[in-house]
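Next up: some structures, all given as structure tokens.
Heads up, the next two complexes both have subunit A, just with different partners, subunit B and then subunit C.
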Partner chain A sequence: MAPYTGIPLSPAELSYLHTSLSQHPPIRPDARSPTAFRPLIAETDILPAANGSARICFADGTEAIVGVKAEVEKTPSASSHSINSHSINGEVADEGVRGLGSGGVRDVEDDGMDVDGGEDGKQSSKGRDEWLEVAIDIPGMRDDDALPVFLSAMLTEALLADGALKDKLYINTRFHWRLYIDILLLSLPLSYPLPLLSLTTHLALLATRLPALVSEKDEDPLFNDDWEASTHLYPPTKDETARQKPPITLLVMSVGENILFDPSREELAVADAVVAISVTQSHTNTTGPDADADADADSPNPLHLIALRTIDPPSRLTAAGLPNSLNTSAGAGAGAASQSLSSVEVAVTREKDQGVSVWRPPRGGVKRAVLARMIKMVVQAGGVGEEVLGGLRGVEI
Partner chain B sequence: MPLDTSTYALAHLRLDGRRWNELRRLHAQISTQAAADGSSYLEQGNTKVLCTVSGPQEQKGGRGGARDQGNEAKVDVEMNIAAFSGMDRKRRARSDKRVQEMQVTIASAFQSTLFTHLFPHSTITVTLHILSQDGSLLAACLNAATLALIDAGIPMSDYISSVTVASAPSSDQSLDEMDPLLDLNGLEEQELPFMTVGTCGRGPGGGEEKVMVLVMETKVQMARLEAMLSVGIDGCKQVRGILDGVVRSHGKRVLESKVS
Partner chain C sequence: MQADRRRLNGPTSGTAPPVFATPPNWKVQRPTRSRKPDEHRKIFLRTGIVPSASGSAYYEIPPQTPSQQDELLIPQSSSLKVTCTVHGPRPLPRNAAFSPNLLLTTHVKFAPFATRNRRGYVRDASERDLGVHLETALRGVIIGERWPKSGCEVVITVLEGEEDAWWGDAGNEQDGGKAGGWALVDAGIDCVDMVSGGVAAVVQQGSADEKMDRDVVLIDPTPSEHYGIKAACVVGYLQSRDEVTEMWMKGDAGTDTEALVEGAVRAASLARTVLAEAIKEAVELRSDESHDNAHANGSAKAEKTKQKDVVMTG
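Entry: the complex of A and B
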């Protein structure tokens, strides 16, 4: 009995799809190139009651709305925090429950990455992880189901690992902003909704504005009530490419040696490995003045990797096909011969046939070389990450 | 509560500058979502509702005895109030009593308006996403659901159009004089006794006119009720006209795109 996966494909269809995706170049069901994304519709600032909001609609009909709301909150241990600022031990204990300071997580091999992560780590001491709250609402699912919890953990991880966002929430030693990111998936999740949610969150954060602060230093915060004077969480710059941006998380899958971006539901059903890669642009202030000088107008700051997660692909739950030599129900010669086989022999024959003549669900993890290539394709200059950010730049904010 | 009746009495203008019988800007779109059977987006002032309809379809989930549902379709309403929809962020549990009450109200209103006998053993699921709320929530949901059900092509006897109406003390504060106010915003809703009226049909020549929904949670003097109701029914007719315009212009667009 085939386990129920919600994938309406037979082993034969899966095998066909897998074969066509392992060609060089791969042939995708919708004739896209491996790095092509599906077209999408995006708009920002759609909600009057939110600090920032965005809506993205993918061509397959999946749609998400993100609303960002900010509240001023009293920093709980205001006094201890100021003491901690000169005791290193206290600072480490303070640094978030999840331990996601921007310094520590960058141990993945990545040649396109700059080496000043340590500096970021020092600067990020002002913000705390719990100032950011991400909640995902998926129709037909409870809030504590695995999918929304896992997705929100992944998005939170990327936003926190960036380190820049939580620092922006710092007002003074006694007060801070608490940022609520509420993600609403409007349609049923047809494909894995991670890229949709991540891109929508990215746009919503870009559109987020906070009231301008008029009080000084450690006074009780007082804000300018003129919304026109409000400041962007990610301030726009004259040169859009240099603008600091929230991270994006992309879904990448591999079939054999091929790497495919933005997989659809059918493609995910035959994936060997699925990886969520979060990247962000390096901050302008961390690149030296000479780096700025030789940077072209069309080459923005290099991207670097901030978080990486492998995702259990749905293909593992698919039913394996039955080799013809073992097919007892076929009736003819081969079937009659196999009836005499013992269960051990049947198992051995199946194991030998593995993926040769019939479909079998993929096993094992992702190869290191493939993973390295995936990361490189996302972060390299002119790579997919830049292409996506470039595409989103076209959205009016 | 500090009702700004002073300004209303002076100029007979409400907080947002409307007269007593003026609706807020009502803007609606149909077929906003490709993945759903029917969908609509409705803005009533700053209240914004997105509605999707799926069905009629066999009930999913395979619960015990799910097949035997009698001879007519069941209308299921799911309401999801986004945490960012209000002024303060507030997550509402799905079991929130207010939300459940509104769900039941909407479901029962459509149960009797849709021709459910045409779809035995099936379920029509109406999902309402409230993106932004500023008064008249139930009314906006009813209007959005009407449009989405029309988009889904589910036969129904007529539009259900809905509006809120309040009773405001008049300028001279005398008891027998009052002004009904049409289509309340969030502030007015907090300060005035109000009710939500939903009607179906448009009277002579256009089918029988019926009040399908009448919800009132606040106290009001008995004598004021009749005037409120008549103003409300009148407002429902206005709303019906607007909804009808939306459906017609959408139909025209669909036809044009088919021809060319």
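Entry: the complex of A and C
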């Protein structure tokens, strides 16, 4: 799956980009440092009819709007009786239909959480994967194209991975919230839109508010109609760093040994590997101090890797260059000599060149060491993940 | 009076519904993992099963443990059966845009009967998503620039999916990507290496009543056998280059991330030994056939070699 197939760059341009990006330190076309992000404009609460919304505009002109809508829905009765019992339990029929996103890991994890929840199983695994719906609309693409499907699976996976969000949607044993996250890419997908969509979703969820519940326990839910009294889906705390937050997904690419963040379209065209890494802040309970105690020493809320996917780099679709020795129009192999080259010889010559003198689309995968370094750069204390979250903290919600 | 012929009337005296007796303190047992943490299940693999395709493979993980005496109607653990066919490389249609590289398309489809819950005929989002994963894994392996203006299709059909949750019903898609590599090699497309898939998971040890205390990295997990899978990782691995073409990790592995990747890579290299053997077998079979078409012993010999088990060595 490629976000775009027509990369308007010649082999010579690609080779130039690749060489400059493999320098130490890499020289990026827009002179950013490897970990620097492009400037962006962000605002929240722009849609009055949505529970939460956000808009982000990247410097390259890509722009996305996310609206979050919530609906009260009746929980199917299957889960209302004894969620906790390990017999033929509440795994209702449509579990996992939305796929990987709702696939096995978390379903099984629910069971695990039941177990360590102990006294009251309903407290720990009340949420269900299908209560969250993510829809992505990209102009010029069908809903079932590979890109939107892949993006929404990636985002859903990250949102559901830690189980925190779906538990917030639980009202009582009979009712729950159903959350619709509608992501609208306003511009054409110039570069790979994943980080844009993920950050916008992050902000929209932070801004999402649900009406305050006034009914108790298992009554039919009744809500306070005062919007001022509504509660945040992710309640704000005094110390903004301790606030529980939805996950963010970052796009990371590598060229040789170099690791670059927030790649632009041109950079992606020469990437050796592209990886999407989703991180979230670890859970902190409302009783903050004891949560901090067992966390890592230096940072109150260390980031956790919750999902990772390699993405097919568009560089594999680029055309390979022709070495000078084979290029008849460059005068090499003067007429008769080049005619005599068999196709095997041409292939051998090209193979020997190995992308040294001309551009050749990358082959193979990515080294494990590079992957491990990418993860570390995102997750570590003071790493890129914290930096991005810190930057988003500046957005007024 | 004439009898009512249009309906099937029940017996006049009425009937009692059947009641299936269960032992009083009967409890459904979750299957347990009897393998070692770093032991892969046995794999059955054969290439060249679809004559009309340019490459094909059949991949199966037969059920490992025979079901216990507390027989249930529904099997406790399912096996995984996957077929894969490769069509192409063949020229792109006339009206298609020029492509300097081989265009790879992948389809992953669960058969409607593959999982406990029926799947539709139209691919749903999860299947499309899997197809993308497969494509990512394979695109890194093939040498696309040697096949300009041509296309290649990889179709994977999951005949029987692995159960995802115990008594649950979602299929385990994680193994789905595995079989792709085998068939591709069979099709004779230029590859840099054989890609093989591996899965590993971080699992909480301990049963319902114990406290979950330690996390273990298992390779080739069977979802039905474990209570709490914290994180899982799928890789597409090129052993000779020591590179990863596809990595897909879900869940919070905490500090075990590296170990998890390590486990998945180990699973992939184990699977690769079987893959290499299966391909060797297929090549032998083919060369036998071409050598002595007159002699009928070619197939007999092939049969003999088929029976041999390959020991997975990492």
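The rule we apply is simple: the second predicted complex is superposed on the first by the 324 of 397 C-alpha atoms of A that agree within 3 Å, B and C clash if a C-alpha of one lies under 4 Å from a C-alpha of the other, contacts with A are read in each partner's own complex, and residues count from 1 in each chain.
Note that in this section a contact is a pair of C-beta atoms (placed from the backbone, for glycine too) under 8 Å apart; a residue touches a chain by one contact, two chains touch by 3 or more.
Just so it is clear, the model here is predicted, and its values are computed rather than measured.
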{"item": "Partner chain in contact with A:247 - subunit B first, subunit C second, else both or neither", "value": "neither"}
{"item": "Which of subunit B and subunit C A:385 touches, first, second, both or neither", "value": "neither"}
{"item": "Touched partner set for A:188, first subunit B, second subunit C, both or neither", "value": "first"}
{"item": "Dominant toucher of subunit A (residue count), subunit B or subunit C", "value": "C"}
{"item": "Which superposed partner A:61 touches (first subunit B, second subunit C, both, neither)", "value": "first"}
{"item": "First, second, both or neither for A:211, with subunit B first and subunit C second", "value": "neither"}
{"item": "Subunit B versus subunit C as contact partner of A:50, first or second or both or neither", "value": "first"}
{"item": "First, second, both or neither for A:150, with subunit B first and subunit C second", "value": "second"}
{"item": "Touching partner for A:367 - first (subunit B), second (subunit C), both, neither", "value": "second"}
{"item": "Contact set on subunit C toward subunit A in their complex", "value": "27-28, 30, 97, 99-101, 117, 124-133, 135-136, 139-141, 143-146, 164-174, 192-193, 201, 204, 208, 211-212, 223, 226-232, 236-238, 241-254, 257-258, 261, 265"}
{"item": "Of subunit A, residues touching subunit B in the complex", "value": "46-50, 53, 57, 60-63, 65, 67-69, 71, 135, 137, 139, 180, 182, 184, 186-188, 190"}
{"item": "Contacting residues of subunit B [partner subunit A, same complex]", "value": "33-36, 46, 48, 50, 52, 78, 80, 82-89, 91, 127, 129, 131-134"}
{"item": "Residue numbers on subunit A that touch subunit C, as the complex places them", "value": "1, 5, 86-89, 91, 93-109, 111-113, 115-116, 144, 146, 149-150, 152-153, 157, 161-162, 275, 304-312, 316-320, 347, 360-361, 363-368, 371-372, 375"}
